Structures are given as C-alpha cells and as structure tokens.
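Below you'll find the structure I mean.
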Amino acid sequence: MRPSQRQPHQLRDIRITRGFTKHAEGSVLIEFGDTRVLCTASVEESVPGFLRGKGTGWLTAEYGMLPRATHTRGAREAAKGKQSGRTQEIQRLIGRSLRAVVDMNALGERQVIIDCDVLQADGGTRTAAITGACVAVHEALDGLVRRGLLTTNPMRELVAAVSVGMVDGVPVLDLDYPEDSACDTDMNVVMTASGHFVEVQGTAEGHAFTRAELNALLDLATTGIAELNALQRDALAQD
Amino acid sequence: MRPSQRQPHQLRDIRITRGFTKHAEGSVLIEFGDTRVLCTASVEESVPGFLRGKGTGWLTAEYGMLPRATHTRGAREAAKGKQSGRTQEIQRLIGRSLRAVVDMNALGERQVIIDCDVLQADGGTRTAAITGACVAVHEALDGLVRRGLLTTNPMRELVAAVSVGMVDGVPVLDLDYPEDSACDTDMNVVMTASGHFVEVQGTAEGHAFTRAELNALLDLATTGIAELNALQRDALAQD
Amino acid sequence: MRPSQRQPHQLRDIRITRGFTKHAEGSVLIEFGDTRVLCTASVEESVPGFLRGKGTGWLTAEYGMLPRATHTRGAREAAKGKQSGRTQEIQRLIGRSLRAVVDMNALGERQVIIDCDVLQADGGTRTAAITGACVAVHEALDGLVRRGLLTTNPMRELVAAVSVGMVDGVPVLDLDYPEDSACDTDMNVVMTASGHFVEVQGTAEGHAFTRAELNALLDLATTGIAELNALQRDALAQD
Amino acid sequence: MRPSQRQPHQLRDIRITRGFTKHAEGSVLIEFGDTRVLCTASVEESVPGFLRGKGTGWLTAEYGMLPRATHTRGAREAAKGKQSGRTQEIQRLIGRSLRAVVDMNALGERQVIIDCDVLQADGGTRTAAITGACVAVHEALDGLVRRGLLTTNPMRELVAAVSVGMVDGVPVLDLDYPEDSACDTDMNVVMTASGHFVEVQGTAEGHAFTRAELNALLDLATTGIAELNALQRDALAQD
Amino acid sequence: MRPSQRQPHQLRDIRITRGFTKHAEGSVLIEFGDTRVLCTASVEESVPGFLRGKGTGWLTAEYGMLPRATHTRGAREAAKGKQSGRTQEIQRLIGRSLRAVVDMNALGERQVIIDCDVLQADGGTRTAAITGACVAVHEALDGLVRRGLLTTNPMRELVAAVSVGMVDGVPVLDLDYPEDSACDTDMNVVMTASGHFVEVQGTAEGHAFTRAELNALLDLATTGIAELNALQRDALAQD
Amino acid sequence: MRPSQRQPHQLRDIRITRGFTKHAEGSVLIEFGDTRVLCTASVEESVPGFLRGKGTGWLTAEYGMLPRATHTRGAREAAKGKQSGRTQEIQRLIGRSLRAVVDMNALGERQVIIDCDVLQADGGTRTAAITGACVAVHEALDGLVRRGLLTTNPMRELVAAVSVGMVDGVPVLDLDYPEDSACDTDMNVVMTASGHFVEVQGTAEGHAFTRAELNALLDLATTGIAELNALQRDALAQD
C-alpha cells in the first residue's frame, strides 16, 4: 500500500482551475494532490533577436518555487542572485515539451512565455507544471483566435507529463514527496495526446534499473498521461 | 466618484484566508480587492551570525512579485540575477514594520522569516503584504506557544498598513492601480492597533503637498487601519 | 542637552563648497557638521531608452559611501558586486526629490545624473546629499543657460532635506550619528522652498510614535529646511 | 549512408588516453571521433559541509567548453559570469552517473571532483565526458588503493554513455554534430557494465517518438555501451 | 615644452594632507597637480582565513574612482556589479607595493586595509595612490606604536611611485592626462627610499621602445621618486 | 644548478604545435616544458560598438586555466561567477602585446579574439600564452590573405614573451613553477622580433631589486626572446 493509500496505477486528485489570475492571457492553477503550481502564459507581439524577421514564433518557459512551498524554507533565488541548476533544468524541460506541440510557423512572429510558479510542493512539480502549462498556453492561443489574430489554434495536440518510479520493487504512478524521496528509480515522461513521447527522463537514484523495469514504468506512464489528457480537455471545455 | 465606485474613505473588499498553504508555520492569503499576496511566516531555530549567543531573536522579510502578477509581464528577478531597488525597499519596510510589534527578547534566539509573494497586483501590494504578514506571524508565534516553546505570544499588538493619496484634489483611502498611477501624492502608513505610527512614507509624485493635505491623508489612514485591525482580529479568532 | 551641545532646534554647522571638483557640470561638497558628501551633477545629451524621442528630460541619482567614511570599515560595494538595499533606497530618494523640482519638459531631451559620495559619515548623509545635490544640479543647469542651450533654468524652486527625531522624548533637529543610534523615531523630511512636502519618511526605530509627536517633528523640520534653503541661496549667489 | 560513412550501429573511432595531464589523480583525454574531452578526477581529503562527520564520501562534476571548441566561438562562461542552463544540466548528469557506480561509504570521508572540459566539439560531448570520467575516476581511486588509503577500489562497476537518435527514420548510434543537428529524436543513455540503466534521456527535437522507436534506440545503445565498456577496460589495463 | 609648462624632469605640484578624514587609522589626501586621491589605512585585529594562527599580518588594498572624477562620467562599479580589470590591476599593484616595505611578522596577526579613492583624475592616479597610501599606512602603524600594541613601526622604509613616458620622443616625468593620452610609452615605477625597485611596469602604447629609452625613463623615475620620498618624510614629520 | 638541471640562460624545451584543434582560424598548442597552453585565434567579421564604421579592426584576448591544470585544484571561474584579478591582468596583457604588432587599419573592420587556455601549468603560463598566441594570430591572418580578404598579413613583426628572475642571487631565464615560487624578483618581458620592448613587468616578490639586477635580467630576456622568435618562425614555416 502507498503512503497516500493510492493504488500503484492511481493518480493523485488532479484539479485544473482556469483563470486563476486575471492579467495573463492564459492562467491556470493546477493541483496534483498537495502540489500546486500556478501556470501563466503571456503573449508578446515580438520575438527574441535571433528570430526577428523570420516569420516564425517562439515559446519559452520559466520556473520558480516560492521559498516556503516546501517543508523547510529554501533560499529565494532572486535574493541569491541566481537560479539553481535544478530550476534551469526544469524550465528548459517545460519549454521543450510545449514547443513540441505548438506550430511555430502558424504562431507567427510572436512569443509565448510560460511562467510556472510552485505555491506548494509535494513531489511532481515539473510534471504538474507541464500539464498545467499546456492548458494555459491553449487558453492564450484561443484568445489570439478570438481576437482574430490567428485563424486556428496553433497547438497541434495536448501534451501532459507524469512521474513514475520503482518504490520497494513496485512500479507506481505519480509519486508524491514521501515516495519520491524513497524510490530507487524516478522517471518523468512527457507524452502527447496521440501517445507519442516528447521526453523520457529516467534516473536511477539508488540501484540502476533493468529494461523490464523501464518497460513497466513506461506502460504505467502511458495510462496516466491518457487520464491527464482527459482532464485537460474537460478544463478547456469549460468556458 | 472613484474608478472602482468606492467612497473616498472606503477600503476595497479585504479578505484574509489563513492556512492557504500547508508547510509554513504561518500562511495567509490576503486580498485587497484584486491585489492578492501570499504571506508566509517561517520559524527557524537559529539567528543570523551577528545575534548568536545574545539570547534575542530576529525577524526579517522578503518580497517578490510573480512575473505575470501585473498587466504586462515583468522580468523574473531570479533570472535577471538581482532584486530591484523597489523590491528591496519594500522588503525592508515589511521587516521594520513587523519588528516594531514583536518583542525580540521574548522571542528568544530564533528567527521569523516572512515571505510576501504577490500573485496578482492591482495597487497597494506593500500595504497588503504588511497587513497579511502580521496575521501570518501571529499564527506562527501562536504555534510556538502551542508547542510549549514560548509561554505567551511575543507580538505586542497588531500592525497594519494602508495607502492614502490625493487624487484630483481629493484625499482617498486604499488606492487601486488606476488611482495609484494618476495620483499626485501617495502615502503609505503603517500603524499599530493602539493608533501609533510605525512608518509614514509620503511621496509627491507630481506636485509637492501641503501640511493640510498631509493631515487629511493621515486622518483617512487612521480610520482605514482601524478597520484592517478589526479584520485581522476576526481572522485570528477563527481556528 | 544634546551630545553636540546644540539646542534641540539647532542645525549643525553647514558648509556648502561649490566647484569642489573640476570636471562635473555641477560639483558641491556639502558638510553637515562632520558629515561630508561630495555631490556632482553630470549633464548628458541623451536620455534613457524609454524616453527617447519624447522631447522630455530625465534626472537620476546614485549614492555611495567610501569604505572608511564610517567608524569601522564597511565592505566596498563594487568589490561585493552589489549595492545594498540601503544604498538603493537612498539613491531612489535623492532622484525623486530632485525630479520634484525640475521641469523635465523644459530640460529637453537630456539627462542629469547626480552622484552623491559620502567622504565622511556622522549621521544624516541622505539629507546632506539631497541638500547638496540641489545646489549641484542648479549649478549644472545654470551652465546650460550660460552655454545658450536653455533660456531659463528649469529648476522650479530649491529643495532641501533634514532629519528630525525623538531623542529621550525631545524632538530634535538634524541628528548626528550618536543621536541617530539612540533615537526612538527618525524622520527624514524633504521640502521645497515654498514650504511644500516632497517626501516624509518617518520610522519608529523603537516605540511607535503618536500624531502629536509627528506634528512636533514636522514643525521642527519646516524651520530647519528654511534655514537650509537660505544657505543654498547664499552658495548659489557666490560666483 | 551516414555523413561519416559509418554503419547505423557503428561507433566513431574512440580513443582513451590516460595520464594526459600530470597533476590530477586521474586524467584522461577521451576522443569520440573529432569530439575531444579532457576528464580529470581530483581527490580531496574533505567533504562538503552537509556530509561532514558522517563517514561517507562525495563525488561531484563540473563541465566546461573552451570558447573555440565549436564552429563559431561561444562566449566564455567565466567572462559572462555564469554557467548556462545547458552546462549545469550536463554537469549534474555526469555527477549522477558516476555516483551511481561508486560506493560512497567505501570511499570514506573524501571527495572526488570530476572536471570535464571540451577541447573540441563534434557532437556527443556529454556522453564522451561520462565515458572518460569513469576511467579518470577509476584511475584516481586506484591511486588511493596504491597509497594504502583504501583496501579496494570503491567503484562497483564501469559506467559509460552513448547517444542514439532517429535520423531520417533510421535509428543510429553515436551521433556526430551533423547528425545531431538533423535528427528528430535524440537520446542519451547511461548504462553500467552489467547492462542496467543509470540514465535514459530521450528528447523529441522534431516529431514525438513512438514506443517502437524508443525500443529500437535502447537496443542500439545497449550494444554501443558494451563496446565502450570494453575500451574502458583496455585503457585501465594499460599501466 | 609640456602642455603644463613643466620641464621634462619636473613633478607636478604635490600636496600631502594628513588626517583628511577622521575615522580611519591613517587618512591622507594626496594631490599630484589636479589628480586627487583619498588614501585611508584601516587596521583590523584579525587576518584572512589562510593566515589565521600563523602569527603573521597582512596588508591589502582596494581602489576606486568616483564616477565623475573624470572628464566624462564613468559608470559606477558598484552599480554595474563588478570591478573592471583596470581597477583590479591597480589595487593589486598598490597592495604588492606596500607589502614590499612592511614587515608582516613584526605587524603581528592583524590586517591593514588600504582604500584609495580617486576624487579627481588628471593622470597618474595609481602612482599618487601608492605614494599617498604609504603615508597613510605609516600613520596607521605609528598609531599602533602609540597605543602600545607594537614597539616599533613595522614599515621598513618608504615607498613611492611615479609615471614616466616618452612624449614626442622626449622622456618626461609624472605625466598628466593630456600627456598620458598622447604618449608612445608609459611606465610606472615603484621604488623604495633606498633606491631599489619594487615594480617596473612599462607598456608601449604606440611603438615598442628601445633599451636606451627604457634607461632614460628609469633615470628620470629615480630622481622623481627621491623627491616624492622627501615630501612623504615632510608630511610624516608634521604632527 | 637549477631544479630542472638547466643553465641559467637556458629555455625549457619549447614545442609549438599548429592546428591543434580544427575549428579556429588559428590554433596552436604551445609547451614551455610542462606548461601547456592552447591558443586559438578566432576571426569575426564585426567590431565592438565603439569602433563600428571607423574602418579599423580590433584584437582582444581571454585567458583561462582549467581547474586541475595546477597541483591542487583551483575553483572554476565560470562556477564562481567571476574572473579573478590575476586572470584579468593576464588577458589584458596578452591583448596589449598582440595589438602592438598588428596594424589595426590594415586589418579592416574585423575582430580577432584570442583564447589562451592553460591545460597544464608549471610556471610561465602568460609568457607561453603570448608566444603561442602570436603564432595562432599569424596563422589566422594568413588565412584571411589566402581567402583573398586581405592582400598582406597585417602583423608587422613577431612578438614573444619570457620570464626572467633572480633565484638565489642568480639571474635565470624562463622560470618554472619551483623557481617562480622561490624567486625574489620576477620579471615578464614582451619583445618584438626587432628587439624592442612591448611590455616590461618586474615585481619584487621578496626584496626590492637594484638597477644592476634589472639590467642583467633584461639582457637575459633579450636572448631568450630571440630564441623564441626563431621557434615561432620555424612553426610558421611548416605548412
């Protein structure tokens, strides 16, 4: 039995709240159990220098964690004067994941900036961030269609992410913090709604893992992603 | 008539939500209309080097604004690698305001760290931050009493803050963003529940102000603070 | 009796030396007793990006303290790689104070940069800096008139600053370092020659202060500012 | 046919030169074709603060690229004043990969610091770095045994890394720069000599990839790693 | 004839004002014509970590230039967040020059920190800084003797510095800014009172220089240093 | 006898390997005994802002040391976030030395960037860097001639550098690390092939040095430079 009393293949309670803040073109509060991430998508009518005049768009992401989102307070990155390696790794992952499903040519010469800020952390902040960011970006792109700036939404399909891991020899889905700290292998999987992989990042925290374990984890992730896609669709249907 | 249809002496709708996040010793979401600030108070059983061994406590504050808390996205300070002068000014103000009402000797050799993070901005983020931080710190100190680490709460009295300003020649209370941008004089007042001033910061944005205007603004602030104190007491009474 | 043997309403010996250095368009050494601040005003024929092409000018200020201006040596900010929050707070205050009395449209598309560097500190460095900077800026703007670049000096009126505080229950004017360290309430007041307030910044270092105390302090500041204005006028009259 | 005339399952010419520099406890120049990385392992008789007194060791890694290792000169990170997100991601990966095969308790309270500096880049610098670092660390740990500080080498088994990718629909092994730029999917695989995975990082650069493609890539990586392990063993056998 | 109407072998007017500021253990304003540098020597009763417990002292130096010490305003290093290469080069030179004449063992486990801040620049700021710092350090060390902490002054002999250069084919002493900008070869020479070299730094700005030119410049520097030593002695004799 | 068994006037074994890496326009590995420095010259078809449109070129240099180039590992400057004063001093010296022999007008509006990275250090890294950089820059400029972008190589003559020092009272040439640590006086001399000085930097590490010692050191440097020029010519002759 898992610490949270969940079945191995069971996601935590997922909640997706659209329009959580009012200024951003897309704004979503996503909750994976006690993990809560505010995802906003901002649209700017310009692109970074290296893309200027090329008629193509750009999408990038930034990630942060409020100092007391965690059990013990972490130093504020703005006060330390630099983002940690972990932060940079995560924000690069979020950016790549969303770029994989948005047609940059169809977007035109404008930029989408995603901000994922963790209000409360209980494991899986990066997978929640990607899953929520997808909804926020979709919402922002819908706005461009509504305002007549685009004819169709340039997001080709939904993308979501979930973690899987081997805990005491059992493959489990959507690890919370106690499981994350205890597991031997931790894998983050990013997949599209059509069942293709965008990112697979498996790490042996303790013992290295076998090909059979890898396969079991990927099976589990695939079912979890499908459930997350359904919840994303529900959230986007509510207007 | 004000843009928000409020009377000159009328506060915005104020909401104080305790326990907004679960890890911090004190955690409050405070809303001054559309301005929303998450205030947490963290207690650490150590003090900065310059106080070690002196038997006295410390309290400090940090402030941040999520990049898309505002109408147009602001650069993330962690990514820029430094906090702006405005951020530092505000976090120093929050710290001084709370230190004025907490008995550092009674606190003992431990530190309270306040984090005020603006989720959504519509003017008055620093006054909301101080007012919310007071509740979060009180909550955290109550916890120390409950756990037997202190016999009484070392906060001597409540403290709250509000902005006042001259808009088109009229003194008004609790400016929102449209008023803040338009006003000639902007004053932030921090007062204790017993009606004493902790900080008075008046700035002539346009024309310098007279002693009579200053007096009218202070009168207005005094009534506003009393209302805020009542709301803080209500919030603390709910357990 | 005050440590310096002054009466409560008595300023320290104030000296304003114009042309202290030769390169700057305006250069003033101001002394408030043992506090000595070198204030220069530099005129540049360009404005920051956000004002380019708008036909209006800009004025900004920077502040620094030599490492050994103080009793014990402070770390050099250039070597630490960042300016402290205190430094940024002060230089923002100096800039706002001077912008309040200079007509930016009349200045035209050029920029005045004030540098206030504390050579020796004995309390009140920010008020000395504002008072001295006013003379340096006036001198620099006079130069623009003399060179035919402007027809009249765009400084509308003089501005000066002084500190006041409650020391042992007595309101006193122009605190030196021993008083500054000991006082309960410290207030910096910036006023124009016509007797209007530009900034009022009162801080309760120890106990919060009453409205009556605030009023007594403002009365004291008003007389002190008038004396400082007279000394500024004298300095500007000497050519 | 591949640009380099290699078969899909063929590694580039791999060369491992031990003792490339003289000061480090372990020093290896590894070449994957034109990619050349200098890997040194430094042993320090102390551990970071968080491990002090726990009787366990530590291993960490840093990565850098000489400015002109690449086709066009890249800015020097030391001059820019920060390491890029890519650099941090890679050095964290190298550290995790090596920690997975070294017994930290057996190492004792000392630290191994790996430095991987790319002298010339032609794709696959991170996989070359891990493969070379393994030899350098082994060499350094052998030295501790030789000096009587350890009785057996605490590296449990060898670890190596290789990239695989889908290029024009064909799974290929050990991508060079032209392939890396052109491929749809890029995967870096880190495995132990016993055939277990330490890290699997697959990224869809263009189109997302299927489970079947993932499997084909993992098969290819598995054979490549076995070849690299053999070359590592040869290098370590030469003394 | 030189722009300043000086003879080739003639120093500018040199003035050394002791006790220019009141807090530092040694405080000297040195003027080489229009170049004015405030040199302070601070004594701290501790040494940097690498010397702790070794019974020996340390001396180090920092250098800065006020933004408007020069013809056109230079950016403030504290605001830019780093010291320029030129600044670091100069402060390292000042430190080495003074360490060469102070007996670190006799100093005991304490540290002298020199601060040289340029109030006004007209060429030769580093040579003025060294010459002035020597007097300030001597003054500070005399203070340690007076307070009974040392029995004799640990400065072995005086040290001074001067620039020499080839201007239009003529070797000249103590270059001011117009000469410095125009000269082909610039050399800074640091010598002790006993006529030995501490530093010789010659740089060909335009054409490389011959051995004969080098010799002529060193001759000129030697006479200039002797004059400076005399002025240092005069300044130290005044009490 | 010297620790390396060399005669006082004897250089270490010098090796100059051209084309050490393949991407840079000029790439040289230079070895002064065990000191090994990789020098690359990169040509960019643009100049820094302050030279744009002036029809003249620029040359600049950067220097770095791999963390484990030395006996004990040094902190990586990119990780520390800043270059040391020593690094900046050296890279400024390399830049000045090469600018002295390249005709910037003949170069045209393009920039040469030198990177000198120390792979292994055993004393004299800056002199090896200058000597190697000269060959790398020549190689790069030859390439511009070959590609028809220039008609003649704008390097006027070769430049080389060597260290000399007083070790136990004897003047010796080309100090290695053990001598460098032990010597009283250390001098770095940069000279052109025509025997003129570009830089002379003498530093008394222990006792100050006499004019006679200075002369003996310069004599020694002059013969060493001539030998280095011959080796540079040999290296450039090999194609």
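For reference, chains read A, B, C, D, E and F in written order, and residue numbers begin at 1 within each chain.
Going forward, contacts are C-beta pairs under 8 Å (C-beta built on N, C-alpha and C of every residue); 3 or more make two chains touch, one makes a residue touch a chain.
Note that the structure is predicted; figures quoted are calculated from it, not measured.
Chemist: Measuring between Cα centroids, what's the chain most distant from chain C?
Modeler: The most remote chain is D.
Chemist: If over half the contact pairs have to be identical by residue number, which pair among C-E, B-C or A-B is the repeat of A-D?
Modeler: More than half of the contact pairs of A-D reappear in B-C.
Chemist: Mind checking chain B against chain C and telling me if their interface is mostly the same residue numbers on each side, over half, or mostly different?
Modeler: Result for this pair: same.
Chemist: Farthest from chain B in C-alpha centre terms, which chain would that be?
Modeler: Looking at centroid distances, F is the chain farthest away.
Chemist: Between chain B and chain E, what distance separates the C-alpha centroids? Give it in angstrom.
Modeler: Chain centroid spacing, chain B to chain E, equals 50 Å.
Chemist: Just how far, in Å, is the C-alpha centre of chain E from the one of chain A?
Modeler: 59
Chemist: Please report how many Å separate the Cα centroid of chain E from that of chain F, as a whole number.
Modeler: 28
Chemist: Two or more other chains touching the same residue: where does that happen in chain E?
Modeler: Those would be 81-82.
Chemist: Enumerate the ring members one after another: first chain C, then chain E, then the rest in ring order.
Modeler: Read from chain C toward chain E, the cyclic arrangement is C, E, F, D, A, B.
Chemist: Considering only the defined contacts, which chain A positions touch chain B in the complex?
Modeler: Listed in rising order, the residues are 21-24, 27, 34, 36, 38, 40, 42, 44, 62, 64, 66-71, 73, 76-79, 81-83, 87, 113, 115, 117, 119-121.
Chemist: Which residues of chain C touch chain B in the complex?
Modeler: Going through chain C, the ones touching chain B are 82, 85-86, 88-89, 91-92, 96, 100, 187, 191-192, 194-204, 207-211, 214, 218, 222.
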